[in-house]
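Dumping the structure here so I can ask a few things about it.
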């Protein structure tokens, strides 16, 4: 892995896009609240606005710290706090990896591999993710560009297959009495954007020509997901509300001349997205851990975190109720806000005051 | 390390560790059609399956249509019944190739969603599987012995899908039925099929109207004429054949490009209109002389056609909506989306509102071709 | 540049005393006899030129005796008027017309020249000797390349003699920028290896790295271009090699214009070029001789053939075992009936047939032409017909493997990685279905994108995409210049 190689803003956007798409398409939308599928359109559109809002501290951090990232700042926080923060981020990303793999595990258990050995599948997936992380950011980002093109193509193809079956009357009125729930769901969805703290950590390895490129993935992702829910609602209506994975049902309904159903083909793409997502989360955790503990060896770290992710997956998916409770709990958004909002603002403020003091001394 | 991993994978493949290798296609029971009937304490499930072993043993030149096999089993739940079928056949069932799902009349009359739950949860089953209601028992349909090389499942599928070209029946997919069934306003509908003897004494399957479901149960079965009206009004038809009397003879037209649009006209008392548009070709006029049409006569024919269609649609509206309160046209849904305040007022008595709702039908048609005969000018 | 040999060849002069040339010609003769172990082809001739007596040594069969007798020995028929200690210098001066000659002062150089086909002259009271280079040995004429055939292009291919190959290259790049450096590799074989490059286009770092890698070559003999490959490949464990081979001088010339480095090995009709990129496997010289739309079609076909050859068997196994719902009922039923006749699981069947195909392919490469027909009949009838009729192999699987084999033949340059990946994809498909294939494909893609031979991304053109660098990735631009791609532009 050549750590000096930078990736472009577009490559990062692709990486973030497929990472977020994997989360959306393999997740259970009605896990927290049972909302009609039509309302999910509004959830993701509002979620987009909230996400852009939550991205501001990260952008501010990158701007103020001159793209040096948490680990490369010339004026670090007191080493104790700085180290703790970095270790927190390392643990945060490993936890996010556990959630991502568990989400796919639940999806796989219900849809993909009902009779097969799920643990073997998950183990292989984690090994592949660790391999991606070990290869480094640059190859992962390059593959993500190709994969995002494939995912977009797949979504478009599915939409085209289903467009003839759409009935606009299946869509219910937006905000039909569920506004607080919709906003709450949108907030939770916005708190799933683990790519924002990833951006903060990996900023020094990104060639930032335009800052808008860094957030390009947010509108693309959320609009795609909203559109997918819109098509699902228009095609299947109340049937989609019954489904645990309504977006997967959309792919099942899609039929072509050659293939009777294309859900398995699309699901393969989502599995690939999860592999890359796991890889990039483990890699970012390594970047944080390496800075906090320079003696951290790469291979050992990935073996250890891979094992941790697998162990966490086993724990989390042992019981679907436990899994649901974890995802419903306030811990997820709190940790996210801590990582994405509080720490960047705190760091900017702290460094700002330090600089101010130094200037005043001079 | 890599070699060890590859060696392990070889072991998994060759030693047939079944948890990872997967069920071979030859060990699958390929289910083509499923029939569900109510029993005293559960369900009777009949499945028509393609038996690959039997096909292989029979003859390599036999087509697949001659190797359908029917399996039946009873159980307190559908899962139990299917498990019994696994036991009898000795193969793992493959639901993904199922073409049709047929309910017996009793099931349709008593909460059909209970029977559908198994299929909605089963991820292998296609959501686009066709549903139908048997006139009596579903097992009778499944067990029908048709002419050689004809599978019941294929036959039923063809019959249902032909509806958009002949206006006699309708093809409803699983997700479409569930969507309508669960909606608080819509009435779901399913085609009804039955067996009868044809002229040569052999059994055949034919359509027998359309079953309407309102308030979660089978409400009414409308006959062929009303069924045609449903197809015309709801825009479920692409082509049809209409025969009208004209100057003492029968005149036939082939209808094509049929479109229908249901509109809500907002107001203090909202009304609805169904705008039906179609074009047609004149294909036959039973007369001894070769009659040349002029433009005036063509307009008369057009008017007669429109009257015929009007009659069909009004028959449907009367039977389904006025008499049975079945909202097959999603009128209340349009009202709910278009005028939610008014809908909220009438929500509790929506069926009554529906029965009295003003629904106008506007037909516009065009005769495109009249055959080889030349149109004589006036 | 001589390599630093870690092992000294046996019986070579090691210390200074035995490496210097003795002033006694007789002593030198005895030493040579001892070193060459009284080999029958080591011959000596005494030539008297008045008071000066020369001893000529040569290896019979390596030296052009006719040329030497006319151009060297005949002119020495007259007596020479010079001192004995100047005998070699005089010989060096008078015989200069049209003869490549060298003055050497050590016995190891004498041995090298003898092996290269030179006639070596010793004289008494001289501690130097002169070598006249006139090698002659049986060599092939320039013929059409056997592995890279071109419909409308040149029909000249490399030969086994490096000088002929260099000449073929020079004829295509008539520029002083074409630099060719010669070196000797292999402690026993002393094989001549030439590094070729265009000085104004090649990156200095790349050149330096290639030279450095070659200097670390620690081999006794180099009998083929493939012997050098492990030393030049940047990642030895990767599936794809970053060192390409070509039998065509025009292809090598085109690669050199892109800033790559060519290596010509004496005794091998293949040249190496570094670095090789992934997209090179899907390009053919014929593409530039046809219309762009047809070239585009051919390239798409080759890329499709690559995926077909690599992934298709695994995909078939995965779909039929785990995802039969994807297939229309009619096709699925026909496959199910065919599979029901065979005793093996689909994954095992796929591996067996692919294995048999690889054996047949290997037999086709190695067997004598006389028995070629017999093997074809065995392969076609036994495997193709009898096995299916007997119910050992399913016909659909055979069709898939046949398609795989044909696709593989379209891209024979990367047969090795395709064969290895094919096995892996079958394993992945038979254990985890489409999702196993997806995970493996992702890992392979990461591996390919992570390959950076000589700091140039292996997947350049596809990823990272540089608009100008790989303009003819799929579609040939009009008035395409083969030199639009430059390795310098692809560095990180």
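Brief remarks follow.
Order of writing sets the chain letters: A, B and C. Residues in each chain are counted from 1.
As a working rule, contacts are C-beta pairs under 8 Å (C-beta built on N, C-alpha and C of every residue); 3 or more make two chains touch, one makes a residue touch a chain.
Values in this document were obtained by computation on a predicted structure and should not be read as measured data.
Remark: among chain pairs A-B and B-C, B-C carries the greater number of C-beta contacts.
Chain-level centrality, scored on Cα centres against the all-protein Cα centre, points to A. With centres defined as mean CA coordinates, chain C is found 47 Å away from chain A. In terms of their C-alpha centroids, the spacing between chain A and chain B amounts to 42 Å. With each centre defined as the average position of its C-alpha atoms, the distance from chain B to chain C rounds to 67 Å. In chain C, the residues touching two or more other chains are 322, 325, 329, 431-433. Multi-chain contact residues of chain A (touching two or more other chains): 116, 120, 260-261.
Under the contact definition stated at the top, the residues of chain B that touch 2 or more other chains are 20, 22-23, 96, 126. The touching residues of chain B, counted against chain C in their complex, run 6, 9-10, 12-14, 16, 20-26, 28, 30, 32, 50, 52-53, 55-56, 64, 94, 96-97, 99, 124, 126. For chain A in complex with chain B, the residues that touch the partner chain are 110-111, 114-117, 120, 169-173, 176, 235-239, 241-243, 249, 252-253, 255, 260-261.
Contact residues of chain A toward chain C in the complex are 2, 5, 8, 11, 108, 112-113, 116, 120-121, 124-125, 128, 131-132, 135-136, 138-140, 142-143, 145-147, 258-262, 264-265, 267-269, 271-272, 275-276, 279. The residues of chain B lying in touch with chain A in their complex are 19-20, 22-23, 96, 120, 123, 126-128, 174-176, 178-183, 330, 333-334, 336-337, 340.
Within the complex, the chain C residues that touch chain B are 320-322, 324-325, 329-330, 332-337, 339-341, 345-348, 351, 423-424, 427-428, 430-433.
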